[in-house]
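The next block holds one structure in the form of structure tokens; read it before the comments.
We call the chains A, B, C and D, going by the order they appear; numbering starts again at 1 in every chain.
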Amino acid sequence: MTTLDRPPTSSGPWTADEMVTVAAARTLRSGQACIAADGLPARAADLARRLHAPDLLRIDGSGRIGDLGTVGAPELHAYWIQSGRIDVGLLSGAQIDVFGNLNTTVLGDYAEPDVRLPGAGSAPEIAASCREIVVVMRHRLRAFVERVDFVTALGFGTGQLDRALLGMRGGGPRRVITDLGVLEPDPATSELALTAVHPGVGVEQVRAETGWTLEVSDDLLVTDPPTPHELATLRSLVTGSPEWQGR
Amino acid sequence: MTTLDRPPTSSGPWTADEMVTVAAARTLRSGQACIAADGLPARAADLARRLHAPDLLRIDGSGRIGDLGTVGAPELHAYWIQSGRIDVGLLSGAQIDVFGNLNTTVLGDYAEPDVRLPGAGSAPEIAASCREIVVVMRHRLRAFVERVDFVTALGFGTGQLDRALLGMRGGGPRRVITDLGVLEPDPATSELALTAVHPGVGVEQVRAETGWTLEVSDDLLVTDPPTPHELATLRSLVTGSPEWQGR
Amino acid sequence: MATIVPLTDAVADLVRDGDVVAVEGTPALIPYAAAHEVIRLRRKDLTLVRMSVDVLGDQLVGAGCARRLVFSWAGGPGEGALHRIQDALGHGWPAPLEIEEHSHAGMAARYVAGASGLPFGVLRGYAGTDLPQYTASVRTVRCPFTGEELAAVSALNPDVAIVHARRADRSGNVLLDGPGGVCKEAVLAAHRSLVTVEEIVDDLGPATGATVLPSFAITAVAHAPGGAAPSGAAGPHDREDDSHRAWDEVSRDRARFGRWLEGIRTP
Amino acid sequence: MATIVPLTDAVADLVRDGDVVAVEGTPALIPYAAAHEVIRLRRKDLTLVRMSVDVLGDQLVGAGCARRLVFSWAGGPGEGALHRIQDALGHGWPAPLEIEEHSHAGMAARYVAGASGLPFGVLRGYAGTDLPQYTASVRTVRCPFTGEELAAVSALNPDVAIVHARRADRSGNVLLDGPGGVCKEAVLAAHRSLVTVEEIVDDLGPATGATVLPSFAITAVAHAPGGAAPSGAAGPHDREDDSHRAWDEVSRDRARFGRWLEGIRTP
């Protein structure tokens, strides 16, 4: 990443999804174990394995443990997720709020929803137990809300102490990577603040798509653009359109 | 079985262990699932499969499910034993008492035992959850006691209501097969009473080896002697000496 | 011991109006043939229990078989909706639909408890989420050693479980396609069970106990080659995506769905 | 990620005086080589956790390594006793021995809870037996749905777990010999773990996840061909019976055991 001097004025020859996927892949390290929802999160993990993290172990929601075979849903959730031994959980959602809580259940009231979403899947326990959570989402005003309509997966709840009070072992959201930039929890408040923008994206554009008063880091960075090698590798992985919904 | 007219005066050309094994095998039916401790109980199950119960499924303490492979100890105990789906549990013990409680833990006081025995193994939960329990033991006064020194596996506890009060699903001991005869719980009291003697065994001999006032069934039977076919089949299975200890 | 019976007879015998019916299966092996028999037999008032509700669930709800869903994920193609389920939830068509929703971890723990003869399961789950306030089958339990509070979920013991598997032998022992999902737990938790299989063979071949369901733990086995189609064909992902897209078209429209339903019901 | 290290270094690094050490393995694959390193390194004050305590446990107790046993079965050849354990229990030789005993079901539930990050496990167990009054790690818990009382056991999270397996790949992923026993749970429950393996290969070959321990969940892998001898040779049962009988002779007599111990400790 490079320090921001002035807002870049054009995005490069890559799509917003490609930028998100590359940025998410860069957060993963070799030797880690990660669990990634289907679609874009899974693709970010696969990309990391091809680029800089050949020994990243990817566990998926169907129980696949890397290339080592498959375990049943009970074992997946008890021995692998709940035990807290997974380093990174990659999640997505239809809504995220200032405290990084995710909603994949309903928009509107539970009993009379405006939109019924798919539901929880493994997200509540991934969010609770993985050492850290990386969220990938499209950055839109309807999705980045002050308070999610339904807490499907806990971020920091209503503030900094909630996770500890609930006895959670996982550290919660460490980074939210969107198609506009990167948000990270403020160490003092756990509120998500903007710490980087992608090339060609301005802070005001991010604020306009964020439903709370977005704090901006003093050290705001501009994400390094995807390298030709990153893009070529990613494009060799991609078939079909990515799916975003956290699962 | 034939009704007892007079005590037979000689045992046949078989050993006491063979008589027990044959009598235990006869209680098992094709289509049942049984779990049998190693040694004589397991041999009884194997004999039944060769004789009259080809579709008897034998589950063993190491997690073997018949010829269908092996499951881990957690699955064995949770899905197979605890669930209550096993028809017959074949157990043994160093002591048994009037209510069919079994001891494989200590003779004497727990803290300062006269004899330290191997311990519980899977017996407590087999005794609790199998639809019925068949006990095989050598009939000796030191083993057939009014009250076991330590309850390792519950029979009927201290009386007829104990199992129900503890919420147990399994029916408890249905039959105790010894080298002298067969004991079954009295339907009214759950106390073990003598319901059959093996050929050549007299009631007084059984009473002399029993540490409580043994009731004798009005319809006392004499076990049919092992047939030549039963004996030949058993002998083709046997290698080494049988082990009795409940596991 | 499982009996080996024709599929229609098995469904007619085992699935009754008002039953709680678990239908499980990894994406590659979904028991569509059995579910379509349920539709043909016009079973009604079912509670459908399924961790990941997908096209099969949409079909059973649209056909009016299910009045209640117990699930932990209900999603259509891509980000798409399951239109028949949305229609039932939003407009009560063809009948109102109740839901009871969980997380995957909670559903898995409920099946495990059911298969294990326990009344409840314990997990680190649901904490801080809004799920428990809408789900009576989530409570808390305190660790008798540490005092810590954990989530408790009530055991699932469906009236009947339906799964699809690769093969069975002639005694009714079933080889599951692997340890994925909760097929084994669903069968062991249920009072009755039906396993449809691709083939019935003399010998199951090499297997570990972890992926075998012994005959004595199953009620009925039905030979249903292709019984998981359109799931489970070679190249599962492409095939599944295609069929999902095709289903989206059918499901979007009540009339078009009605024609699909007529096709299913016409012998 | 597991590191692949020489056996002696692994044991020296991972097993420390006073540790709670789980040593598991089905009868065919008992990690004798690692246990003998523990003896050579004169580790002491260990709590040995092992469901079925057999010759290996007798050796560790006789050598003065263990001051406490947590187990659910402790039996020698046939109906025979484990003389070193009997001697420690009865006469405090070479040191007093404490015991904490369970049923197999309880021990399995304790390992599962430990591997699952839960503080306790629930089972239908121990009911009506005298075991709970001598075992602080058994209590009761009430079902928050039915009110029923069930047994609760505290989780086992050993300091270190030692198991033996067929093979590992060069990244330290381990193929277990099958789903028998509690090897997988012991490793996942422990803070540190050592897997000794017969061979280290380029490719583990076909496996299901149920029998694989991924490298990231293991601390160290040591190449120890024959490391389960005398268990685990071809024709395990005969071989085991023979070695059990031979051990009975050694174990019966303190002096003879002393010579055996000297042999083990002499490089």
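Note that in this section a contact is a pair of C-beta atoms (placed from the backbone, for glycine too) under 8 Å apart; a residue touches a chain by one contact, two chains touch by 3 or more.
The model shown is predicted, which means the values in this text are computed figures rather than measured ones.
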Return the chains shared as contacts by chain B and chain C, ordered by label. D
Chains touching both chain B and chain D: C
Count the touching C-beta pairs: is A-D or A-C ahead? A-C
Round to the nearest whole Å and give the separation of the Cα centres of chain C and chain D. 39
Could you please state the distance in Å, as a whole number, between where the Cα atoms of chain A are centred and where those of chain C are centred? 30
The distance between the C-alpha centres of chain A and chain B, rounded to whole Å, is 59
Interface hub residues of chain D, defined as touching at least two other chains: 112, 117-118, 123-124, 148, 178-179, 184-185, 208-211
For chain B, residues that touch 2 or more chains besides their own: 63, 69-72, 75, 78, 82, 129, 169
What are all the chain pairs that meet the touch criterion? A-C, A-D, B-C, B-D, C-D
Which of the residues in chain D come into contact with chain A in the complex? 1, 112, 115-118, 171, 173, 184-185, 188, 204, 207-212, 214-217
Name, in rising order, each residue of chain B that touches chain C in their complex. 31-33, 55, 57, 63-66, 68-72, 75, 78-79, 82-85, 129, 169
Quick one: in the complex, what on chain D touches chain C? 117-124, 137, 139-141, 143-146, 148, 150, 152, 154, 178-179, 208-211
Residues of chain B touching chain D in the complex: 61-63, 69-78, 81-82, 105, 110, 116, 118-125, 128-129, 150-154, 157, 162-163, 166-169, 240-241, 243-245, 247
In their complex, what parts of chain D are in touch with chain B? 26-27, 51-52, 71-75, 78-79, 81, 85-86, 89-90, 101-105, 107-109, 111-112, 123-131, 134, 148-149, 178-182, 184-185, 241
